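In what comes next, subunit A is part of two complexes: it sits with subunit B in the first one and with subunit C in the second one.
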Partner chain A sequence: MIWEVFRQENAGDYHEHCGNVHAPDREMALMFAEVQHARRKPTNSLWVAPKDEIGEVDTEDAKFGGTTDKSYRWAVTYDFEAAASEVEESTDEQAEADRRRKVQQEKQEAQGGD
Partner chain B sequence: MAVKESLPAPDELTDEQQEAVEHLLYRLADDEFVVAERYTEWQVRSPTLESDLALANIAQDELGHARLWYDLLEDFGYTESELVWERDPSEWRHSTLVEQPFAEGDWADAIVRSYLYDQAEYIRLEALEESSYPRIRDRIQKIIQEEDYHREHAENWMSRLAEEKQGLERLQTAFDRLFPYALTLFAPTDEDVEDRIDELGLRSDPLDVMREEWLDVVVPFFEDLGVSVDDAELPEQYDVHHSEFDLPEHVGRDQSHTDAWFDLQEEFTHTYQKLDRHEANRIMKDPDEA
Partner chain C sequence: MDIEEVKRRAGPREFSPKDDLPEEYRKAATRMIQFHANSEIMGAYLERPFIREAPSLDRKLACSAKVQDEIGHGQLLYRAAESLGLKTRDEMLDELANGEGKFLNCFHYPMESWVETPMIAFFVDGAAMRRQATLKRTSWEPYAHAMDKVCFEEGFHVKHGEAILHELMTGSKKEQEMTQEAFEVWWPRIIQFFGPTNDKSTHHGFASEVGLKQMGNDELRTAFLNAYIPKAEKYGLEIPDEPRIRKNDDGTYEVVEEDLDWDEFFTIAKNDYDGSHQQINGRQKAQEAVDWVREVLDEHEAREFGSTQQQAAD
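Showing the complex of A and B:
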């Protein structure tokens, strides 16, 4: 049985997928994961989850983010007067996300996507 | 137990004190080195990649612990070559449990051996936490923290092997074969020196007390799994002095060893001999500098 392993480097970080282990049950999976995925990297916590229990949807099945222009959903669209610093920070984050989304889109188009 | 008065620095010990410290260190260092040497035979041969890595990890831990103990023997002027690569095999003091070859291809042997060993290891490390010798005391915490994984590993494997008939039979066979040798873990190197180790407060429990403590842990664990200990010929309440215990012919602690040890020693010193080495390469900082 295959268990996917997720490693958290510091408290508060996300657990990130880092590989898998073969083990008959959860306890053994944790024990093996400890050696295989946390021995040589700084680790605060490990999760294991049975591979079969992980659900997946990918670009074959879904148009992530939709196909129409959704810029009206982004706060950046409504940015026409000086805002509070919290709003400004949030705006910057969203502008960055928007930029990345566009780069991604261009990349997909360049690869002959629709 | 309160800490006895601390012994002085290595170069200020009396001859009798130094002898006691040395015997204690050889027990520790030789066990760790030889058990690890045997574990490495499972490399690329373990049942799965995961179990291979887990046992390799344990072997590396034990080699690291051996290094910390041999380093304390170097305080008395010995070099690594004298302690490991050039020491006459008939002078080693490890228990004969750790030198036994594995029953071929028998993973249960590796697991039962590590269970018996690591439980004993934990008990003796606890008895050193308040050692009167500061150099030993200071290294215990580092080592003891790595031992939890070893015991958990052995226990997890044993309970899973015991779930099916064939696995249980393998556990039984390994237990019957290894248990008499495991008793030598608590055998004295020399009765007088061992008594001195206790009197000096180098460890807080004498060997027979630790052995009882160990039996109280391992015997019920095996019985709960369905492994019979009836053939182990345990004395009633196991509270006899160690010299009266029925030990195998070769005890290890007193420098008597089985033939398997001499073969193993030849094997791991082979390259050193062949390359006509006279000293060991150092690839790590001295533990005191780290």
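Showing the complex of A and C:
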């Protein structure tokens, strides 16, 4: 049985997927995850979940973010000096997400054109 | 873990569902997060009619995206509250519909005109975002994680609100006057958003001691006034004479408390204001109208997993 492994580096962080292990049960999956994925990397906690229990939708099936222009949903569209630092921070996070989404889209389009 | 250990360890994102936490902590965290979740829902319902009222297609799209975001925030927060193990989402939604659930003072007032929308979308959301930014460091980890996503999205709400305010305050004289009138009505409520001064707030002490709350009402109010008074003035809004606001030498603000209507505030806190009844009944009707959706989901889940433990729509 395959178990997907999620590793949390520090307390309070998110658990991020880091790989999988082959193990007969949850207890051994945790043990294998520990030696395979937390041997050197700093680790605070590990999760394992049976691979079959994980649902997935990817770019083959979905157009994430929709197919129409949704610029009205982005803080960067509204050209005002941020009222407070937290508004600025949120705008920066959105600008970064928008930038990375566009890079990803261009990459996908380039691949599709091959 | 006993309460002394909780207080000793209390730091940002310190406690998670696997910690054995005392009832007192769980209760305080549930109360705080449930209040927050309820407020997201009730705020969304208050703004929903303005999707239809929006004066342009751009505004309509942005308003509907915002309402969708706020409902999403409510759902994230009910999950964070559920993870404390005291109440299910079902119970919290029922409490909201039957009038037991508490929510932000500003969402107890009906909103009638488009000129009022920036009062919520710029000022109230700005105030809420100030508070939420500090809650990224709350001690209940699932709450902090919810705040990461909420704050990511909230920047759009505040800026869109500012865009509406800017548009109105550079519009016709009539629009400017109506916006100023709305501002005068909403300003005291917005100041009261941060509650009474610290020493009068019932739950403040404990919530800060255990790291749930990261900043006191007074500090938050000062930070808000520092950022948003200049913005209001920039757009040509006149700050009403009352409540009197004194700026101290150290940059902090002092609001003259007796200039604010605290009877009204505490009536609202008990869900007993006229507007409270109106808003809560509206939410109750919506809840009943989609009862069949929850039932279908629960039946489907029971069929699929052969369980009587109904969860999908709980």
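By definition in this document, the second predicted complex is superposed on the first by the 109 of 114 C-alpha atoms of A that agree within 3 Å, B and C clash if a C-alpha of one lies under 4 Å from a C-alpha of the other, contacts with A are read in each partner's own complex, and residues count from 1 in each chain.
Just so we're on the same page, a residue touches a chain if its C-beta (ideal position, glycine included) is under 8 Å from a C-beta of that chain, and two chains touch if they have at least 3 such contacts.
The model shown is predicted, which means the values in this text are computed figures rather than measured ones.
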item: Simultaneous placement of subunit C and subunit B on subunit A, clash or fit; value: fit
item: A:G12 touches, of subunit B and subunit C: first, second, both or neither?; value: second
item: A:E93 touches, of subunit B and subunit C: first, second, both or neither?; value: second
item: Partner chain(s) touched by A:E53 [first = subunit B, second = subunit C, both, neither]; value: neither
item: Partner chain(s) touched by A:A75 [first = subunit B, second = subunit C, both, neither]; value: second
item: Angle at the Cα centre of subunit A, taken between the Cα centres of subunit B and subunit C once the superposition is applied, in steps of 10 degrees; value: 110
item: In the superposition, subunit B vs subunit C on subunit A residues touched; value: C
item: Touching partner for A:D61 - first (subunit B), second (subunit C), both, neither; value: neither
item: First, second, both or neither for A:R39, with subunit B first and subunit C second; value: first
item: First, second, both or neither for A:H22, with subunit B first and subunit C second; value: first
item: Touching partner for A:M31 - first (subunit B), second (subunit C), both, neither; value: first
item: Overlay on chain A, subunit C to subunit B nearest C-alpha distance, Å; value: 21
item: Shared subunit A contacts, counted only where both subunit B and subunit C touch the same residue; value: none
item: Interfacial residue positions of subunit C with respect to subunit A in the complex; value: 12-14, 16, 58, 61-62, 65, 122, 126, 129-130, 132-133, 141, 144-145, 151-156, 158-160, 162-163, 166, 223-224, 227-228, 231
item: Interface residues, subunit B side, partner subunit A - complex; value: 48-51, 53-54, 57, 149, 152-153, 156, 160
item: Residues of subunit A that touch subunit B when the two form their complex; value: 21-24, 27-28, 31-32, 34-36, 39
item: Subunit A residues within the subunit C interface of the complex; value: 11-12, 14, 70, 72-75, 77-78, 80, 82-91, 93-94, 97
